[in-house]
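For reference, the structure discussed in these notes is given below.
Chain nomenclature is as follows: A, B, C and D, assigned in order of appearance, with residue numbering initiated at 1 for each chain independently.
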Amino acid sequence: MLKPVDKNVLAQQCAEALFRHDRVSADLGICIVEVTPGHATATMEVRNDMVNGFDICHGGMIFSLADSTFALAANSHNLVAYAMGCHIEYLRPALKGDKLTAQATEMSRTRHTGSYVVSVINQHEKTVAVFHGRSSTREEPLIPKQGLPESHE
Amino acid sequence: MLKPVDKNVLAQQCAEALFRHDRVSADLGICIVEVTPGHATATMEVRNDMVNGFDICHGGMIFSLADSTFALAANSHNLVAYAMGCHIEYLRPALKGDKLTAQATEMSRTRHTGSYVVSVINQHEKTVAVFHGRSSTREEPLIPKQGLPESHE
Amino acid sequence: MLKPVDKNVLAQQCAEALFRHDRVSADLGICIVEVTPGHATATMEVRNDMVNGFDICHGGMIFSLADSTFALAANSHNLVAYAMGCHIEYLRPALKGDKLTAQATEMSRTRHTGSYVVSVINQHEKTVAVFHGRSSTREEPLIPKQGLPESHE
Amino acid sequence: MLKPVDKNVLAQQCAEALFRHDRVSADLGICIVEVTPGHATATMEVRNDMVNGFDICHGGMIFSLADSTFALAANSHNLVAYAMGCHIEYLRPALKGDKLTAQATEMSRTRHTGSYVVSVINQHEKTVAVFHGRSSTREEPLIPKQGLPESHE
């Protein structure tokens, strides 16, 4: 069995594996801050090409940040998890130049499904959106066994 | 009062005004097919830069198509409407090269709020996602009066 | 294979089987109006014991009507389906004495899951709430084989 | 201005005022455990008349517990708040005799709206459901001024 500290290492490796092929998150400039089992934090800056004529960020871009952070948390246990459905509530507009931080927390996880809440806050620590993601989990590792650090096996 | 045919013209003008400044929808290649009062149809092709390593479309991109189509329907009455919250359920994956069509339908509208359902289908007419959007409406025209065709006033 | 007319009979039998043990729906006075494959209509009157001090119906009671109608539609194909998650938007208050009608429509159904939209309207045909239900389907009949009319097999 | 300790007293008075006329919560046996500004905890036992033929609790009853707890938290600031929309995800079935506890937490609150997450757990501390409520706030006190303890004014 892996020790607690190793679970954190594994969660970070899962995050890296997930983002390696996620061109959308890369194009949006989403940066991983921290991933631990069941938790993830990521950031995104609201660029010129993410806003409408009133300099207000497109809802789909805020959603994408929350969704990617949810995916990091849901896949942090090294079991492939994908989104079944998501819910987002917008509380305040995000403006051009805002630095957004999304924090995902696992509310519950069973063998086949999980539920996550993501808060998106701006640089003034004001909540921009609250997001809820439901995941479906496959009993299949995200990182194949040979990908794990040998010393831990 | 505007005649029914004119409401359709107005709905299209609202759509054009909305998309003129929506760089996100333009960058995603979202195309308006038709907008009538309370309804909107738009399309998007799943490009290489919208998929992950398994050639499956990022949820945030499907959400963005649904969200933009919802915005077109919600703003079709020439009253500024913005999203308060959205809900999306994924039914089937969208793959690289898929041609997605989103159809938004107004379920109900009161003076201050509206509720819209959006179906996203692929080129095989299979449902990829079902989306639900809640709008908040301001008593403020999207197109200023001088922007309307004079002959209709 | 069952003929179309027989699918309607089966959908009704599923509805009866489902409601036989649903004491909550019975206690709330929920009445089935019609069930066909993927569709269901049911009614409920807002009683004295369903309202708060301002004679406005408790949200949980409107939800329960929508939820039961969703269950009827989701189980209409004679495969056990249960709710994974639901979303409700309130558009107008329901008042004491209002006669509510809920109509559930199947938006999509795959082998393992389904998506349903339910509209709740009052006696003036005004929308009180819009509901969205996600079902999980088991490959197990709701009505055991001997329960089906023999002549149809 | 009220001191912190008084805000807790006020939150409890709001809870009592809200539940005084809430016959649905009373009929369901929902008990308030604690209410502080932005937070609420309440309990409900799954009775015989809340289950179906398989002794599994009706989703509408779990929703009603979560919804009432959300209402307690949303109204804890002595400003009338009502539900605009709610979202519930079911994680595990609730069985006859289960003692459910719902805990509502305010995620964010602006002048006109608020967002709340409610966890519903059973007596084994397993999550049964996760609920998300969106409130609309009126600038109107729940308890008229003469109802407040005089010594605090």
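In the analysis below, contacts are C-beta pairs under 8 Å (C-beta built on N, C-alpha and C of every residue); 3 or more make two chains touch, one makes a residue touch a chain.
Remember, it's a predicted structure, so these values are computed and weren't measured experimentally.
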item: Selected interface, C-D versus B-C, where C-beta contact pairs are more numerous; value: C-D
item: For chain C paired with chain D, centre-to-centre distance based on mean C-alpha positions, whole Å; value: 26
item: Whole-Å gap between the CA centroids of chain B and chain C; value: 29
item: Of all residues in chain A, the ones touching two or more other chains; value: 84-85, 87, 89, 113, 134
item: Chain contact topology (line, ring, star, complete or other); value: complete
item: Touching residues on chain D, where the partner in the complex is chain B; value: 84-85, 87, 113, 134
item: Touch list for chain A against partner chain D, complex; value: 87, 89, 91-92, 107-108, 110, 113, 115, 117, 119, 126-127, 130, 132, 134
item: Partner chain C, residues of chain D touching it in the complex; value: 20-25, 27, 48-54, 58-61, 63-64, 67-68, 83-90
